[in-house]
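Structure below; questions to follow.
All chains are identified by letter, namely A, B and C, in their written order; residue positions are counted from 1 within each chain.
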Amino acid sequence: MQRLRDVLRRLSPRRGADSGDRELRADGSEQTDRLRGSSELRSDGGVATAEETPTETGRWQSLLSSDFVQSIPFWLPPFLLMGFFVYGAIGWNLVISLTDFEGLLLPEYTVSEFDLEMYRRALSDPSFWTAAQNTLVLLVAFTAVCLLFGLLLAILVDQEIRFENTLRTIYLLPMSLSFVVTAKFWAWMYNPQIGMINVTLRQLGLDFLTLQWISNPDTKLAAVIFALIWQFSGYAMVVYLAGLRAIPTAHYEAAKVDGASTAKMYWRVILPQLRASTMSAAVVLMVFALKAFDFLYVMFGNNPGPAADILATMMFREAFGSNNWAYGSAIAIVLFGMALAVVAPYLYSEYRRGEL
Amino acid sequence: MAELTLDGVTKWFEDDGGRIVAVDDARVEIEDGEFLVLVGPSGCGKSTTLRMIAGLETVSDGDIRLGGRTITDEPPTTRDIAMVFQSYALYPHMTVRENMSFGLEESTDMPDDEIRSRVEETAAMMGIEDLLDRKPGELSGGQQQRVALGRAIVRDPEVFLMDEPLSNLDAKLRSQMRTELQRLQEDLGVTTVYVTHDQTEAMTMGDRIAILNDGKLQQVGTPLECYHEPRNVFVAGFIGEPSMNFFDVDLRNGSLVAEEFEYLLSDETLADVEGHDRLVLGIRPEDIELVGEGEGRHDFRTAVDVVEPMGDENNVYLTFADADRAVATDEETETFVATVSGLRSVESGQKVVARIPEEAIHVFDRETGEALHNRKLDRTEVPQPNI
Amino acid sequence: MSSPPASPNPDDHTRRERIEQTIRDADRTRVALYAILLGLVGFYLAPLEAGLMTAFKTTDAFNRTVPFLPPVADGFTFEPWEIAFSEMSNALVNSLLLAVPATVLSAGLGSIAAYGLTTIDWKYQTALVALFVAGIFIPYQAVLVPLSRLYAIVNTQELLSFLWGLPMMHEHYASIINLIVTHVAYGIPITFLLFRSYYQTLSDEMIEAARLDGASVFSIYRNIVLPLSRPIFAVTLIYQFTQIWNDLLFALVILPSGGGAAAPVTIALNSLTGGIVESFNTQMAGAFVAALPTLLVYVLFGEQFAKGVAGET
């Protein structure tokens, strides 16, 4: 009796065409109920005429109830949102970079007028080359020093020291701060007259070392890189520490038994095993470096000057300062290409190792 | 009512254009209330078969029917099947009670108080009623095992599937649970498919056992059928501990001729093997008799290589020691095993005569592995376990 | 504070003992080690310490005294904090209104997306996963112009005009909603990755057991996966909160120039000059005001933050 009532309920037309359907799909439990109902029908055989041939029904059923279909409500909405904002926007940006969109007018998307003019303009723009060069220097120097420093930190912290957690917390602390905050701190640190660095140098009698750190073109970029290393080397330490802890004890012991010195042990036995840590830390650090815009913007405003201008600041200045929207977009695409060159091989290798 | 039929069930995986067949054309009919053990070496496809029955793995070809209803394409949810996993797979954040109620809440419209009483009944039956309000993390391995069983039982499904459920228990608890599981299954009378790689488990627990190798079903039969009448070399070697002894032999002039011995066959046996001349002779260790003196046509002079005392019996490793060819080539002496009473003293190096009675031998085709002649069973009455 | 992740596994112990032995042999190494570690503490804390001291000094005092020494007598003042608070209080509210919903939403969406693409096996899963993960590494410059175009076309303020008449609602919330949507969208990749790597550690057999128990895909998420996600939710929420709170770029691009009434705390801090001359004391106080919530979260949940950071690999 109960079963019959269920069957009748399930056969009755669903309320509300579109919304009802969506509800059913979003709520898997309701759907399986429905399936169960119809499978019971089939085993009874009584209502078979109302259905298609058994195999087709089976296939249709198994499609609807397949894991894939049921998983759609979970991943598709976030995917669409993310896909629109990330990949949709990059595509849109690419299109804008092909137009001549600038000033206060609206962009015109006429396919026949698409050209690479903005990219040509970039190639012949000396400030673009300066910015590209600075970006590369920042990327490489920042990443390399951060990794090295982080590795040394990790090895020091890995020596079974006391207060390890406190130290780790302190070393990682700057990373929890906003670029805006750290830029404010470092602008103060670097202040040539009353900033901490120069004051300390003077106190130590090292007056000849005091410099106009962030206005002197020779030291500007280095000063920025130093501050960024201060902020992110703790991150490299955390990654390396995890890597060190993952190495089996036997390897340390084997090296000791073989009579290797501590330095040699790290160099020959431990370092080679940290390749994966190095790789992932390097990629993430490079991404941070590409996002260093906030820091530069707070410290120098729209234009850090040729000595510290990077593509990110140049793009922002061209687009949002001078309304050269298409030009800014083209620079952004170059920047995106650089990021892709770093990230794509990494993701591919992760995929090959089956870790995606 | 709930007989389970595998009708040519096949599973393949696509791999770089190639096809890897995991289960090939499996056909079994499992009767209502029957306890079938799927056994085979690791990677033979037994777990895949079980997972196809559960609906956790799609079926590439063939059909699965439960009580006459085809469930091949049905999702696991609607199959009315409960499964016990090797890792128990309990929900760590739920109490034992919640673990056991979950299936009833999800798959039935049963009112809460009925669920409650059923869970408590089952828990009492399993002896875990005191654990109902604990979480799995607070239980011992054996207790978790009981909860996992209870969770399956409480749902009163048409079929139980068990995937090596005892392999995480220590030896003593395992044999205890083995008996208990059998008793439970008999009481409940629910059709059960039990996967294991352990042939002892298979022999002791199953009404029937299905032996799988390389994705192919080798034989389905009662434990004693599989033991005494193996369909092929694989089954003969897989079932039984220590394994059956095999000798590669050629049929010449009515005798099985090996490098070290000749075994004269009776006309009756000869008739069975007719038309095949490259053969394998098989004999179970317990069928080999060790006698002091003997000159019969199935007596062979051997030397004891190693003795493994097991307490109740001795496993005696023998080598053929033909006095005429006394060149004892120490390297590569092939041994075979005989099992004798533990009370009998046998020493390494001792010369003994091994008697291999003809009524106990098995003969297989060396190419196909197929059994051509199995031992005679007129001496022993085969009990009918499936009543 | 945070507890050590290092498990007391026996291997570690022998290794530690060995290291300890080596170190007992060389006591001087040990002293040098602690000296270096302490020096590094100085290095990482110096800017914060100098900033904190400066924030309590009068203009006259910070111009004359050594930055890292505490203020003395008449050089001591609370004024910079008062100015910073009064100038940034609105922005603090805005940041909170922005960061809390954006954090929760991006974590929730990351969780369901990761569930949909992890516990369920599907042929093209890897491609989708790759698209999600690659989103982490996008330089945001590549989407800035389209974003500004998008919000020029989609006028949230008009679309939601029915809201602004309600009590407690202000028109500038429209900009905050734009920012929330943006942060949620760009937060999904990292939250997805964090949840996915966690869900991969859940037992397959447990999920299968739930399916055999008759649970639907939805019910498995609701009753099994979600309750087990608590630790990773903590990690993700904390990480995302600091990221969104700390952002400047999206606010610069999406909000009307200067930030307007919707300016979050990063914008407010950036435009905080505190007078005609560069008043570092006010700026430092402002920096601490802006950093306070993230510092608090970090100090209280440092362990989760570290995990979020490591999960980014």
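Assume a residue touches a chain if its C-beta (ideal position, glycine included) is under 8 Å from a C-beta of that chain, and two chains touch if they have at least 3 such contacts.
A quick note: this is a predicted structure, and the numbers were derived from the prediction, not measured.
Trainee: Of every pair of chains, which is linked by the largest number of C-beta contacts?
Mentor: Among the chain pairs, A-C has the highest number of C-beta contacts.
Trainee: Could you pull out the chain whose C-alpha mean position is farthest off from that of chain B?
Mentor: C
Trainee: Can you give the whole-Å distance between the Cα centres of chain A and chain C?
Mentor: The mean C-alpha positions of chain A and chain C differ by 14 Å.
Trainee: Take the average of all CA coordinates in chain B, do the same for chain C, and state the distance between these two points in whole angstrom.
Mentor: 57
Trainee: Just curious, how far off is chain B from chain A if you go by their C-alpha centres, in Å?
Mentor: 53
Trainee: If you look at chain B, which of its residues touch at least two other chains?
Mentor: In chain B, 75, 77-78, 106 touch at least two other chains.
Trainee: At least two other chains touched by the same residue of chain A: list those residues.
Mentor: Only 29, 32 qualify.
Trainee: What parts of chain C, by residue number, touch at least two of the other chains?
Mentor: Residues 214-216, 219 of chain C touch two or more partner chains.
Trainee: Considering the complex alone, what residue numbers of chain A touch chain C?
Mentor: Residues 26-29, 31-32, 67-68, 70-79, 81-90, 92-93, 96, 107, 153, 156-157, 159-161, 164-182, 184-189, 191, 194-196, 199-200, 203, 230, 234-235, 238-239, 242, 245, 248-250, 252-253, 256, 262, 277, 280-281, 283-284, 287, 290-291, 293-294, 297-298, 311-312, 315-316, 319-320, 325, 328-329, 331-333, 335-336, 338-339, 342-343, 347, 351, 356.
Trainee: Touching chain A in the complex: which residues of chain C?
Mentor: Answer in residue numbers: 1-4, 6, 11-12, 14-16, 18-20, 22-23, 33-34, 36-37, 40-41, 43-48, 50-51, 54, 62-63, 66-68, 109-110, 112-113, 115-117, 120-122, 126, 128-150, 182, 184-186, 188-189, 192, 214-219, 221, 242, 245-249, 252-253, 266, 269-270, 280, 283-284, 286-287, 290-291, 294-295, 297-299, 302, 305-306, 309-310, 312-313.
Trainee: Residue numbers of chain B touching chain C in their complex, please.
Mentor: 54-56, 75-79, 81-83, 85-87, 89-93, 102-103, 106-108, 151, 155
Trainee: Over in the complex, which chain C residues touch chain B? Could you list them?
Mentor: 203, 205-206, 208-216, 219, 223-224, 227-228
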